[in-house]
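The structure appears right after this line, and notes come after that.
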Amino acid sequence: MDEYTIQVLSNIGMFSFIALSAYLLLMTGEISFGQQAFFAISAYASGIATAMWGWPLWAGILWGALVAAAAAFVLAWPTLRLRGLYFAIGTLAFAEMVRLVFEIFRYQVEIDGELVGPDGSDGFRGVRYAFENDISNLDYMLLIYGVLAAVLIFFFLMGRSRLGKIFRMLGEDELLAEMQGVNRTFYKVLATVLAGFIAGIGGALYVHLNTYVEPKVFNVMLGVHSLAYGLIGGLGTSLGPLLGVAIDIGLLESIRIFTGYRMIVFGGLVAVLLIVRPRGLLDEEVVYWLKYRMWRRLAGSARRRPEATPGEARDAGD
Amino acid sequence: MIDFIQNTVDGIMIGSRYSLLAIGFTLIFGVMRRLNLSYGPSIMLGVFVGTFLFVQYRAGWFAIAAATVLGAVLAGIYVERLCFWAIRQGAALASMVSSFAIWMQLEELTTLVFPDRTYPFPRLTGARPFELAGINIQSTYLIMFGCAVAIMGALSFMLYRTRFGLALRAVSENPLAARFMGVATGRITFLAFVLASAIGGFAGYLIAANEQQVTPLFGLWATFKGMIAMMLGGMGSVPGAILGGFLLGVVESQATWYLGTEIRDIAAYGLLFVFLVARPGGLLGQRRAERERLALRRV
Amino acid sequence: MLAIEGLTRRFGGLEALSGVDYAVAGEGVFGLIGPNGSGKTTLFNVVTGLYRPSAGRVRFLGEDISRLGPHRIIAKGIARTFQTPRVYARMTVRENLAAARHTLAGAERRAGGEARIAALLEATGLADRRDELAKSLPLPEQRRLELARALVRNPRLLLLDEPAGGMTPAETQAMARLIEEVAAPGRACIVIEHKMDMIARLCAQVCVLNFGAKIAEGAPDAVLNDPVVLEAYIGRDGGGA
């Protein structure tokens, strides 16, 4: 596998985390334009941990994600009462504030005679853990996908579980869910924290691969993109956001003739897609059709089991 | 104390830029209940058309202003047809993301055709700043302030004294009911969009003329400032947009004076956040029931 | 079972409910009627915790639930339907019913869920729609789905908001029969309706609201012929269904 492919695949993997993070919130019916804040917070926190405190990589990543989750917890409360567009803009404002704070954030220690640490708008260089420990790009890519697989399994299990069902109930009709006994406060805060954690994993992985990060990476473009990935790939399954990321980064990146025109083409395609499929390629109806009708058609002739319905087996809907 | 007053006056003057931007934003939102993330970039396209005329043909200020407005309107129509009209009713999120996609498209288009970092734009007036009761006032800002107020007056007249305005308000209140009463909601929405783009284009012209230059960063900046000012004043309220712009301008100039330019933007977003949490309806507070109806709209 | 004392709810300057006293026994079907805008749905909203009372109290099974959030109130055994049917559009009929059980505590949840759902689907005539997306259901079936869903947790108190709204006379009859069956021993139903024949047939007691205040209460015959009630309806905007 050549270096370029590894790089593209790594990027797809890393940005999938933030896409999944926005997707989780969309499942509960909230639009967030601000998940990049947690991506950023974790990038800095984990970078500080490994590059300045000498922690091992796994601890740094975990630390970064936990700090991001804590920040999400803090954000959850003031935004709890906000609904719809107000929530979206609130998260946007928060994320921009975080970015701007990082533009002036300075924390440096001297290591081996050199100043290491976040340096305001110059960013945070020298996060060289992977480099210093001889982790090849291929190894790192496998790490990314390993963790991503774990997160996808989490989504899959969650989808089958009560938690996932409750999230979807909130996403479908919050009022109705409350009228059926769902404790909105608890589940919304939980969703925000989980989403922050997941975005955080992505951020920590990002900073260690690039060895360097600067605040302007975490702008609103990243935020809206993360949301857009889910909307393009489809909101019916957690594979939807991945598909969206893969389409943007993978497909278009690789088609060299579009260099310089990439956004014009991509933007136009997205706009057209959203007209035809406003909830993405793999939206709930497609997923329903694939899982239920296809299953039925395939299994129909082989076995006839009138009692055990596909409905139960299909409860896997993540 | 004199500083505070000077900053406030400056803030209001500077804030009129934001007010002008916010008016268009809020008009679109009021009618469609959706955010148009391409608003700034559409204006930017218009402004670049204006600068093109200036650089290539040394055109007069009227032609440039007209071209700017026209460019913004054309871009606005493109966005409206593709991102809003074409997408079915219940899919507000799809419209917003689509408008974001077109934002990127318009930005890239602009940077392709105009690759330089900055382009000159003819200035508004050569007049020098003057003093009034010990406070410095820049004439260009005064013009913008005047325009903002004039536009608000004209809009209020239109909204409350003409049939078109009535139809617009009807569609903003309840599109379904309006349709049942024979209002051509599609056409009204389209016209509102055109109007908003025209106002935006004019705002863009004034801002660029004040800066005497244009850069590709204009689109993002305009969208954000317009959006913040709109939220501060209350989504869907035109007088709110004006006040919101002033408020934003004042907070920014005070923050810059007392805390430094780095804090300025943090203060702007902080202000927005505080308003969202404490008074989401904005300055001209929307009623709670109205807000809930807005927000509970299905995605 | 349900006792409402001096219930008042204000929205800004508007008093949607003004000092309403209303009590409902543990069993049977009770009617709640009144012209449009008289506060019936608001009453339901306050009882289920969507709004806090501006004044007054709501007691359920002896407990004061006025200040509780909706999820706690539902857990105590109240269920409701909505004026315009609210269902989870992108879930199947079966999933819609299953959803109501997700917030039950463990043991309760594990006990015979599917069987109960199947029984409810049979009872409401939705068995063959089991795996269809809820949004594809026509209105009368969506209303029946709402009813089935409200019954999943075996509520003590059922609040039905215009369950026959938009239905033909035949469909209304069917819904009335359904409600009769559903008002089993140990369960009380409050029905908001504009269809007086349905109210007359179903309800032992009827309460009438107008402009947020109670103006009459009693047996259907008495109430429906009460001149005060008639004036409230006709004097307004022609009332009725």
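Things to note:
Residue numbering begins at 1 within each chain, and the chains themselves are lettered A, B and C in the order written.
The working rule: a residue touches a chain if its C-beta (ideal position, glycine included) is under 8 Å from a C-beta of that chain, and two chains touch if they have at least 3 such contacts.
Here the structure is a predicted model, which is why all the values come from computation and not from measurement.
Sorting all chain pairs by how many C-beta pairs they have in contact places A-B at the top. Centrality annotation: A (chain centre taken as mean Cα position, compared with the mean over all protein Cα atoms). Between the Cα centres of chain A and chain C there is a gap of 41 Å. The distance from the centre of chain A to the centre of chain B, each centre being the mean of the chain's C-alpha atoms, comes to 31 Å. Rounded to whole angstrom units, the spacing between the C-alpha centres of chain B and chain C is 46. Looking at chain B, one finds that none of its residues touch two or more other chains. For chain A, residues that reach two or more other chains under the stated contact definition are 173, 175. By the touch criterion given at the top, residues 162, 165-166, 168-169, 172-173, 175-185, 284-285, 288, 292, 309-312 of chain A touch chain C in their complex. Residue ranges on chain A touching chain B, taken from their complex, read 26, 29, 31, 78-79, 81-87, 89-90, 93-94, 96-97, 100-101, 103-104, 173-175, 220-221, 224, 227-228, 231, 260-264, 266-268, 270-272, 274-275, 278-279. Looking at the complex, you find that chain C touches chain A at residues 48, 50, 69-71, 74-75, 79-80, 82, 86-92, 94-95, 98-100, 102-104, 114, 130-131, 133, 149, 153. Listing the residues of chain B that touch chain A in their complex gives 35, 37, 82-83, 86-88, 91, 93-98, 100-105, 107-109, 112, 220, 224, 227-228, 231, 235, 262, 265-266, 269-270, 272-273, 276-277, 280, 291-292, 294-299.
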